[in-house]
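Note that chain A is present in both complexes that follow, paired respectively with chain B and with chain C.
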Partner chain A sequence: MAMQSVNPKHEKGYLLALIGFVSPIVVFFTIFQIYPLIKNVWFSFTNIHNNFTLNNFYAILTGSSFWQSTWITVKFSLISVSFEMVIGFIFALLLNQEFHGRKAVRTIFLIPWALPTAIMATGWKFMLQHSYGPIPWILYWLHITQSPPYFLSMPKMAFASIIMADIWKTVPFCALLLLAGLQAIPRDLYEAMEVDGAGWFFKLRKLTFPLMLPAITVTLTFRFLQAFGVFDLIWVLTNGGPGNATMALSPFIYQQTFNWLDVRAGAATAVITSIYIIGLVVVIWITRSYVGRRYATQ
Partner chain B sequence: MHKLELKKVVKRFGEKVMAVNNANFFVDDGEFVSLLGPSGSGKTTTLRLIAGLEKADEGEISINGKIVNALSPSERDIAMVFQSYALYPHMSVYKNMAIPLEIRKVSKAKIKQRVTSIAEMLGIPNLLDRKPRELSGGQRQRVALGRALIREPNLFLLDEPLANLDAILRHRMRGELKSLFHHVHGTTIYVTHDQEEAIAMSDRVIVMNYGLIQQIGAPEEIYKRPINKFVALFVGTPQINIFEAKNAKSMSKVLSSQKLIALEKLLHKGKVEIGIRPENITIEKGPISGKVILTEPMGANILVSVEISLNSERIKIKSLVPNTMRVSEGDDVNLSLKESEMLFFLNEKRVEI
Partner chain C sequence: MKKFFLYVGVILMIFFCLFPIYFLLLNSFEPTSVSYSSPPILYPVAFTFSNYIGVFKDISLGSYIVNSLIVSLSATAIALLIGSMAAFAIAKIKFKGSSTLLNLLLILGFFPAATMIFPLYEMFAKFHLLNNYLSLILPYTTMSIPLTVWVLSTYFGQIPGELYEAARVDGMSRFQAFYKIILPLGIPAASTVAILDFIACWNEFILALTFMTKENMRTITVGISMISGRFSYQYPWGEIIAGALIVTVPLVVIIFVAQEKIISGLTAGAVKG
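Then we have the complex of A and B:
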């Protein structure tokens, strides 16, 4: 038999055990992941009579809503991820310093990220609410604005609010991943460079940044994937509104599928979004290897 | 003016640990000085204090007569070779060596010239395009040396640079390092736990233990006139024989009558021990009879362990004899201890008698 390491007497029981252990996840995965995925692709390429068609895609790609959602998603991802990476990096550098109570600070720092998004979004919704939310009124009382600003009912402000909430929630995640990267850099490299005469900026540029590239790539990949699929934050905070001002791709898919009950349009949008995301990952990794090579040849 | 001077330097870790306890020493221009001690003796901490990677709690460190306590490592103009080599993993060998000059904004042409000549000197001109991970241990070590030698710093600080090499390479590099730093006339402080290395390479050796400097001296002085029992035991392979002289009578076979009188006086002051290095003991004829219990061939010599009895006490003595001697376990031998080479320790401190 093929499996030589297994005692032939026990082989049957061993196989049964194997199947027994593995089957729950296989079943689960098939029913809840693979089946919906295939069904989704099927929906996107068929019409109501189950005949093959490209009309679903044609309708979406020629309409304006999809492109608007794409643009909102791209804007949201680029702006929020940029802020999160920069602020996260700064926090990672700070948390990498020796100071009293560092472990406690590191734990507390993670709370925003540990909160379920729907809950933290509800919190932000309350804080930003026009008629009784603390933030608009504090801004007004401090005479920073002339009246309590409308955060969630003005298109640009609503978009900014979503980005702000996302940054608040996700900076700890970025900081933690980047901190892990920072801590993987041996301390004696810094010491060697100090002895060689380098200042902090030189060390940051020539040591920290290039050695952080792997961690930066991983963080960027994670963040872009999450940001591109953003749903719960928007759904709770603005419901995609006002108008469609914050209707990113995922809320748009939801809206098509469950509000308008246009399952095939939703499925087609989901397929295109998947292609976006695959493309995004490819771009990130190509960029990474290009940047890596540039450092390598220096 | 000394190139480097430490005055009453103290470094504590936490409240209780005295990593360096009142270190006083100097190093002159062009000297090669070793800091020798077992692990935890404070030698590396001392080196890091000199480099500025640690701040002294008390005392003064001066380079070229200028107190540098408040200066950062980059302001002290020193070069250091780390035990781990600390090569920058993402940079080529060329870049690794060029970094100190690049930081000082030296022109590209000059950097190239300097890196090339240092690489020639170290025998690594063919490795300049490689990354550290593509090098062997010995090659990495040369790159680390190259990075230190690329400029002309006040001091070269070497932290166990040979510790990670295999034995053959370590022996070869010992000689190379010595002539290299002699050649560039660099003032060098060399940290090692390997006493053979320190003895073989240094102009002077500073022996440390428990954060305290035990002895400072030329290698032969450290070897022949150790200041205390610790230094005597730590320096020299094979290790020195040390046995206690409980009373004068038991030593009558070992010592001349003159020394016995002196020993008698010494015994009133405390615990007396006698040390003698294995090469100063012969086993062919002598007043002390014993039995060979172990022979260890060491190439040119054989290390012979002999059990003898002084009065009623049995002690083990090691003797180093030429390999031409026929000796095997179980043989009855007669030991003779060279009295002029004996060391006497009173309460662990060496005394002249």
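Then we have the complex of A and C:
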């Protein structure tokens, strides 16, 4: 009698219970996530008279702003995530050593991560001001630049500013994720290699790195997809400017929709951005299963 | 020698994380005239609390904090409630397609808010919910669900199945077994998730910027970052920075109290791969 309940599907009320437990999240997701995505597809393929049209896509794909935004987004994601992974990995290796106050340092690492992006961007906006911000002047005083550089009013420097602020905000997060991966590697594997006389770099290349691959792919995936949707940082720090020098896709959608009130152009950009995201997810999915198989057979 | 380089590295890391905080703290206690001096002064020269007082008087920081608390706490509570139910179904009732559901939640979470913001705006406008707490609570709940369900379903999965089955044999309904047996055991994981959800809602920007158009309904992120000076040519930097630090305090307190939980919650995915 008791054993019958092991297979829950034969119990009465199984389906009803399932619906009761799962439907709330399904309802939330349908209304507040799936419906808006589909509604945007509808907007992007219609004109103001609700007739089918391809003009919204034609207009953005033949204009230069959309492609410029795509390029800025790709550049921003690639550059900032590469820096973050490298610096994050070095920080994780350091944090994995024994030293006094290690726990305190890990706590400090959570501060940039927990700070709201919009608020830390406000702080960076102050620090980068040309006439009274500390960062341009420190660069000048250290003789790194000839004069205090204009960060937020020069296109290339504004781009460098958003990358710098993003690195500051997310390196500690990457380091903590990678540290978790490092700590999952059994110590005795290192000891075994040391007995065989393996050097520091050999251990890093042959042991640490391959065993860290899952943690590295997870960190890369999260960071890259997050960077691709960047909005808060840019909106507060540069507002997409100067000109359109830092107008990534998310702020571009926002500008089209709420500043220019061109809802359909915004919807078309949003739809293509969604396609980019789906493409990225598929690529990551395939890469992960490939990497997984390759290291499973070794 | 090796130790020496290690400590140099550690000091560099601490410097990396804290140097902006130093400049912000410094300028929050300086009168505006000092903050605006060019070249900047990188050490304390004057000391004043006027920015911390001004940010409550001139800028309604108090109401921003209340707004943020209301929406973040409500969304976290609802996400925990309905997320734990779904996580329980995935872990203990078990059904076909549960892993598809988990993956779908994960992928939907990757779509930037900008890709769905106008239809939401239109919907809330139609139901007269703009400038209403619900316009943030409902999407924030949705945004919190993926992490909640992922972490809790993993945790519930580790609770021995015998406990649930024994409760069922004793005549408990599924819902009773959920809230009397499984949920109490899941409290450690639920509190981790609650902290992460709360921080994510507290920090959200784009939806709050769009749906709260009235000044007194703004949340802290929008309230502080969208302050423009009373005089258009001069930002009240001292007050803005003081406000930024004030709303960071609760986060720092949470970090100090619950750092182990936060790190374990953040890194759960990285170890499993």
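The rule is short, and it goes like this: the second predicted complex is superposed on the first by the 248 of 298 C-alpha atoms of A that agree within 3 Å, B and C clash if a C-alpha of one lies under 4 Å from a C-alpha of the other, contacts with A are read in each partner's own complex, and residues count from 1 in each chain.
The rule is simple: a contact is a pair of C-beta atoms (placed from the backbone, for glycine too) under 8 Å apart; a residue touches a chain by one contact, two chains touch by 3 or more.
Predicted model, so just to flag it, every value in this text is computed and none were measured.
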Have a look at where A:N259 lands relative to chain B and chain C in the superposition and call it first, second, both or neither.
-> neither
Give one of first, second, both or neither to describe whether A:A198 is in contact with chain B, with chain C, with both, or with none.
-> first
Which partner does A:A184 contact after superposing on A: first (chain B), second (chain C), both, neither?
-> second
Please indicate which partner A:G13 is in contact with in the superposed arrangement: first for chain B, second for chain C, both, or neither.
-> second
For A:W124, decide between first (touching chain B), second (touching chain C), both and neither.
-> second
Is A:K206 touching the first partner chain B, the second partner chain C, both, or neither of them?
-> first
Please determine whether it is chain B or chain C that touches the greater number of chain A residues.
-> C
Which chain A residues lie in the overlap of the chain B contact set and the chain C contact set?
-> none
Could you pull out which chain A residues touch chain C in their complex?
-> 2, 5-6, 8, 11, 13-14, 17-18, 20-22, 24-25, 28-29, 31-37, 39-40, 43, 90-91, 94-95, 97, 99, 101, 103, 105-124, 126-127, 131-134, 137-138, 148, 168, 171-173, 176-181, 184, 213-215, 217-219, 222, 225, 228-229, 231-232, 235-236, 249-251, 253-254, 257-258, 263, 266-267, 270-271, 273-274, 277-278, 281, 292
State the interface residues of chain B toward chain A in the complex, per the touch definition above.
-> 51-53, 72-74, 77-80, 82, 84, 86, 88-92, 95, 99-100, 103-104, 131, 147, 157
The answer for chain C against chain A in the complex is residues 3, 6-7, 9-10, 13-14, 16-18, 20-21, 23-24, 27, 35-40, 42, 82-83, 85-86, 88-89, 93-95, 101, 105, 107-108, 110-120, 122-123, 138-139, 141-142, 145, 149, 165, 168-169, 174-175, 178, 199, 202-203, 205-206, 209-210, 220-222, 224-225, 237, 240-241, 244, 247-248, 251-252, 254-256, 259, 262-263, 266-267, 269-273
Once bound in the complex, which stretches of chain A touch chain B?
-> 186, 188-189, 191-199, 202, 206-207, 210-211, 295-296, 298
